[in-house]
Each structure stands twice: as C-alpha cells, then as structure tokens.
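Going in written order, the chains are labelled A, B, C and D, and every chain counts its residues from 1.
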C-alpha cells in the first residue's frame, strides 16, 4: 500500500541528492509538478534518466540539479533546441553535465530489461553509427544459436521513478491511458516509484485507450496534483500547451530570463499552482 | 489487407504438410474449429508449437498429424493427463512424437523474441533443473556488463500462427480481449497468420478488458467461425465448457473411442457445427 | 497401529486449511490450480481479504467467486484488477521478483523439496509421461518463497527423483546460494498428514506439525525416505467451523458452476 | 545566375508535395515531426487514404486532423487504430521489420545519405550540441526503405560528417550489406530544390529531378560536395492546385489549433 501524502513529503522522503532519477512520460503525462518540487527542495548531483529530456529536464539542468544525463533525444519537440541543456554541454553552465547518450530503441529496451529484472537488453541496433564509439555502455552480445552479433545496453534501474497518471483509487492502484510511453517499465524498473495523479477516485472506472494499471504494491507514494503534467498534457483532462513549448524557446535562450522564470514560476509557487491548468481549476 | 475466405480455403492455402504451426490461446480463445479443419484436410508431419497442448493438440496428435511437439505443459487443465499425447510419447501410437520441451517462461520469452525479430531470448530460468540436460535448444548467454550467466532459447518463428479472436472489422483489423495470452506475439512472430473470429463487424467498438488490436497488415486470412473456440471460450460470447474438458478424459483414454469421437465430431462435420456453441447459434 | 479418531473434516480439507493459514494479507501470490487455488481463495475469503492472487494466464488481483477449473477461466479476468500478456507475466512480474509466495505441487518430491512433474522412468522412454514443468521451474527460483501442497504417500515422497522439474533445496543447504539464487525456496510443505519445513542446518524437510489424529508412525509409513521430526513437534490446529464452512461453500459453488457449463 | 520564374508555391511546399507523392497507399510509414509529418498526412488526404502512419510515441494508424507539434500529441492517440507502449513500438514494430518507409531528416547529410543530428564539432567539446539520434539509428537500419527530407544548403549538404548519427549508404555500395543489413536504406532524398537518389553502381546521391525553375547550377551552388546529376535528369511536376489546397488547409488548421492552446 503506497503512502498518500503531499508532494513535498513525497519528494523529501524518496528523492535524495545523488539519486538516479527517471521522470518519464513520452510527451504525454510528463510530471512537471514533481520536478518543480525537486527544484524547490534544492536537490543536487542527480543522475537524470529520460528518453526525451524535454522542458522538464531543461529546467532541472538549467538550475544545476544534475551531474549526469542519460537520454536519447534532447530537443524541444517541434520547436528546436533545449537551450539550458545546450548551455550545460557547450559551456558548462551552470555546471558541467556528463552525458550518457543512447538511441530511443536502446533506452526503451533498457527500461524493458529493468522491468524484467534482466541485467542487460539485446537488440538490433547501433548498426554503422558513431554512438558506440563515444558511449562505452554500448556493447555487443552473440546469439548462442545463430552466432549473430547484437547490440547490448545495461538495464536501467533508477533509484526512483516519478510519473504522472490520470487516476489512482483509494487502495493505491494507478491507471494511465492514452500514450503510455515507457512509464510502466520505468516504474517496475525502479527501487521506488512516486506517482502524481489528476485525481484520486473510488473506482478507476472503465479502462480507456490502452489503459495501463499499476497495482498498489508497485507504488511507493501517491500525490494528487491536478494539472501536474502542464505544459505536457493528461488525456481526458487537458491538452498539451503547445504554445508554451514554443514560448520556452525564448524563455530558455537567455540565462537571466530563464532564472527569472524559474524564480517566478517554480521557486515562489507550490504544486497547487498547477490546479489552474486542470479542469478542476477552470 | 488480409483475405476474407472460408475456413477450408484459409487452411488449404496457408497450412502445408511439414509446416511449423502455432495455434495459440492461453485457455481462452483456443482455435479448435481451425484445428478440426486441419484434420479434415489430412495435414501430416506438422511441428506443433503451443505452451499448453490442451485438447486441441491432443486431437491432432491422436490423429497422427504431428511429427514434433514444442510445448511447456502437457496436461488437461484441472482434469489430468492428455491421453493421446501420453500414448504417442509412451507407446508411439499412432506414430512416434518428437518432443522439444520448455518451461512456460522460456516459451513466452521465445514468442516475444520472435515478435521482436530477435534470434534468441535471454531470461533468468532453468536454474538447478534437469530440462537443459535433455533439451539442446536450451543454452546460456553471458551479460556483457555483469558477467552473469542467463538462460537462452531460440526465438519461435512459426510458418503459420492460427488464433481465434472476438472480432474483425471489414478492413481486416482484429480485436481480442480478456486473457490475451501470447497471441499477439505468436502472430507477429509468424510468416503467416490465420485468424478465426466470432464476428466481422463495421466497427471494432470500444476496447474491453486489456484489448489487443492487430492491424490488418499483420494478418494473412480472416474467417468468421462463430463458436470456433469451443470447448475453450470467447470472453463476452460464451463460457469455457469445463464439463467437456472433464469428459475428454474418458473420451480420449481409449483409442477406439477417441477415433470414433473424431470421426463423428470432426471428420463428418464442418466449421458451421461450431455455431451452435455461439450466442448466434442459440 | 491405531487409527485417528473420526474427525468432522477430511485430510484434504485439513491440507487446504493449513495452506490457507500460511498466507498473509499482504502477500502477492502466484497461484496454481487445484489445492493451491482453493487455499489461496480460502485465505482471501477469511483472514487475508487483501491478498493479491496472480494466475499465470496474466490475471493480477483476481477475486473469483468460484474456483476456476483452469488457470485461464474467464472468471479470473473479469474479477482481476488488470490482466497482462503471458510474456509480460513471466518477464515483469515473476522474473521481476514481485511475487512473495509461489505455490507448487508435484507428482514426486524428495527430502530437499525438489519436485518432479515431468516423467517417471527415463526421459527418453518414460514409464509415465507427466504434464511437465509449465511455470514451475521459474516460479521455484523467482518467487521470494515457495509453499508446496502435496498429499503424502510412498509414491509421492521418494528417496530419489528420476527428474528434477523444479528446484527446491537441491542437495541441501547452500545449493541455492551456489546457483546464485537469493530467493528462499520452499519454506513449508503442507500435506494431508502434516506440515514439513526445511531444517535450518541441512535444509532437509522435517515434520514440524502433525495434523490432529496423525501419529509419527503414520507419517513415517507413507514416506519414501527416513522421515525426521522437529524436536519442537506441534499438533496442527483443527480447521475451525468458519474455515470449513467457507471452504465447503466455495467448493460447492465451484462444482455447481462447472457442472452447469455445456 | 538566373532566378526561377516566380512560382505560386514555395520551395518548402514543393519539398513536402514531392515527398507525399513518393508514398504508396499500402505503405506502413514511420513518421517524424515537421516535413515528414506534413508529407505523410498530405499523402493520406490525397492519393493514399489507407496509408498507415506510425509515430514513435506508439500510435499505430493515426489519422490526425491537424499536424501534431510533437510526436506524442493527444490527437495521434485519439485517432489511432491502436496505441502501444514505446518499448513494444521499437521491439515488435520497428525492429520487427514491419515498417515499409521510414522518414528521416537531419542537420547534416553526406553524399551517401548518412545523417548527423548529434554534434557539430567534436563529441566531447561540441561547437553545437544537436538534439541527438532519437529513433533515427534503428529507423535507418530496420525500415524497408528510408525517405529523407532536408532543405539544401552548404551547411546541410557536407563533404564530411563530424558524426554519423544514422547510417545511409556508409562509404558507398556494399556498405550496408557488409554490416549484415537487408533493408534498402535511403532510396530518395527530397529537398527544396531537387530530388536525389542513390546511383545504382556507387550509392552516391545524384540529382534525378530538379524542381520547376531550379537549374543544375543553383543546386550545385548549395551543395558541399561535387554534385552529380542523373543522365535522365527530369523536372519535378509542379504541385497541383489540389495538392496545394489540401496542404495549406492542413497547415492553417494546425497553426490555428496550436495557437489556441494555453
């Protein structure tokens, strides 16, 4: 049975300096509110794991919360660069950022291997490309039947995975539907799992588009944070704020403007600020 | 776009003597009508692949259609032995049957590897047991990161997979829900896929319990065979005929009685006989 | 040898009840068909209402009103919290190490709780071809602990297994560790006559509790090896009226349900 | 050099239209964001109504009414035949070899259609850190063939890539085969000025069709290597009024939809 608690309590109890943290959500259900709480609590030296760092990690990296990034595509989807990520890599600002770079296929397989309690994943990948030359955590494995050589990557096993879902019931079972990404794998691969949800209900209700249900005994803590995925979205609750994703390009391009934005919209606020983005808040 | 045709046409076109055939359905949605058509068309020398041979393969084995069986649990669920399977293995009647025996975990992983176009599957299995001593297709693979030794089995890649599903739409997309077993993996792992369905509809409708949808371009042929899973069941259409599973113990125990049953209920009938087990037939 | 006093319950009922009692409300239990399914659902309907029952067909958190005949009856899926594919069940949930208790049974067992459900005689030319392992080999290694339910007889409790289908404690203490396993393996064996547990020093099964009316001689007489007894040998508490009531209702419901089906 | 006659369509529209034309009704297409998404949906709304569009977010058979800004917009899932997890998308569907056409683009391309989207400068101390490969490395190897859309300039069409993010034809003919690949790799590159295809003998990209009003000199002038032309050089058919109408409506709808969002 997971703990039902405040976001502050959940992050304080389950996210520690130096942890390997995966905040997943493939465009959909990105746990922004939880990431903002991590910033407010001043976590440092994190290893951040995420297929698409997106704005959520651009913000954490820009504030110097991360020493290391494990990722596979570091852009602002449909817009362009993640300027804070670039500034950290190109100029070491506000601090150097160590990269472990993979392809989407590699990370999806690595999460899958973690959920399955395997030490590595074998897949047909990285053929004729340069990434294996710069990432020593890409190796090879031979098929014991055909002799074929496949790519191998280590399983991802985060200290804590944080996701945002549509609903939890009072027993602590969690439901997400729509684009479900790698969240089930990321939760099952982790030692601890913190879940923010749009609402806590008596009954999870009829499953929607390809629903994923995570039993209560796979979850460590659950927090109701309506709107907690903004500017990402929650299928059935609110749409993706594509205009904000576009606006982020300007906000994040300049260090001072970025710092001012974080101070104004993250440090001076609490999770309740996200409610205004949810149907409940309108 | 799959062919919509009669069961006779589908089996004649896509199941050949000597083929490796997987008829899957984990207790639920077992494609009995299609297996009976394979018997009527007198297929021989088949390699039959199925986690649980169940009554469907007991019938095929008892009629001498198979030279080889790849399986992981060969009993009559909740009842006892599969007498035709035992007679073939213990006495070579009606002909010897070569066994490739695995565990459920191994076969589930092998189908999964087949669907993923991998040559083998690595998993934590067969630890401290005797099966690897008698099955040369169980090998070992070493993790290139931790040095751990894992079990490895070759991917299952059938010539043809046959399943029964609840519905197909007129474009040839197939939906199954309820206990979905390994059918998605078995279909995607195979060169050809033949699907019998309870009904062909304009719209697949709202997905039910953890629905699986197979796009039309993954299917070779679709045949409407209401009741085609009897004495197995089709969630939302009819229940499992547990009484028949119990009765099979007596029917199959004696060679003559078995032959008489097959002659009466399989060879002298056609797929339309299954309709009586479906809601449409009542 | 003296017969036990006539009891208001069968040896089979005693076996099921004692198995049910061993389950905890917070357990996540990988259930097999037959005695394990009866025991797990008896526990759920009595002292462990929140127990999570998982059947290898992919149903997680099933709450069947009748005992399924197979591990894939529709009842399991309709009452489950969620149902996953069979590959996911074996990869994420069993191999994932998320199952606290796995139930196993077998045609034969040795003194170290290794089980045979594959063949009697040689594998190539078996005297009796048994169903085989199914999920057992990986259940035995991946679940945090294993409960075994098996009726006691000279045919089932054997000195030497012809085939090891699933690993218990191998050749004794340290066998599992030597194979790199961290799971505990079989922690209790529940029979129609008694409960056995591995000796902490040797991992050999010793009788820790005799069911009411059962004498050490009776147990010894149906065991294929020189059966040992705990020096703290207890007597199993009789099934309570409540336990018997719930179990018999459940089995009556189930029998009726399965007879009704075509 | 002479300028082309003012045309009633933009070079970018020409690029999108020529990419759309290359798609077949029976294709199963792995779609990227931007030009590929516009081209795929233009094809779907014109000559290829049954084309299957797959976005790496897991949506299979998406039929969006507006172009998504990201590959994971809700619109894609709501209109899809089905949506699968991201691991399943990359394992069963892409690696499974079920995609007929994969669309790629890049910051830089060489004459063998290898692409760089990772870094400009050295990997360790990059001058420009680009987004990285995402799905591209395995899209390039697993799809049956690859279409590339990329605007032509000396910055994008380079003699030597600093980093190979996704494989085209390697160092020329036989490179893919030597790596054990059976897929065809890039079969056409669609730019704002022309269409290029690999020379059957060398796999070097050669211009097979110039867009209306574009001269060989104009194309040569913006290419970082000595650009070659097919001896059967064609002129690309202008976008039809119908193609332009559908494309502009689609882009207008999309711009409006994204502006409305908070």
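Quick note on the criterion: a contact is a pair of C-beta atoms (placed from the backbone, for glycine too) under 8 Å apart; a residue touches a chain by one contact, two chains touch by 3 or more.
Since this is a predicted model, take the numbers as computed values, not measurements.
Any chain bridging chain B and chain D, meaning touching each of them, is among A; the list is complete. Greatest centre-to-centre distance from chain C is found for D, with centres as Cα means.
One inter-chain figure worth recording: chain A and chain D are separated by 28 Å, centre to centre, where each centre is the mean of the chain's CA atoms. If you average the Cα atoms of chain A and of chain B, the two centres end up 39 Å apart. Chain D has its Cα centroid 58 Å from the Cα centroid of chain C. Multi-chain contact residues of chain B (touching two or more other chains) are listed as 116-118, 123-124, 148, 184-185, 209-210. Across the assembly, chain D contributes 82, 91, 95 as residues in contact with two or more other chains. Interchain contacts give a graph that is no line, ring or star and is not complete, per the touch definition above. Applying the touch definition to every pair of chains gives A-B, A-C, A-D, B-C, B-D. Per the touch definition, chain A reaches chain D in the complex via residues 26-28, 51-52, 71-75, 77-79, 81-82, 85-86, 89-90, 101, 103-105, 108-109, 111-112, 123-131, 134, 148, 178-182, 184-185, 209-210, 212, 231, 233, 235, 239-246, 277. Residues 116-120, 122-124, 137, 139-146, 148, 150, 152, 154, 207, 209-211 of chain A are the ones touching chain B in the complex.
Contacts from chain D toward chain A in the complex involve residues 33-34, 56-59, 68-74, 76-78, 82-87, 89-91, 94-95, 118, 123-124, 126-138, 140-142, 163-167, 170, 175-176, 179-181, 258-259, 261-262.
If you check the complex, the residues on chain B that touch chain D are 115-118, 173, 184-185, 188, 213, 215, 217-218. Of all residues in chain D, only 26, 28, 52, 60-61, 81-82, 91-92, 95-98 touch chain B in the complex they form.
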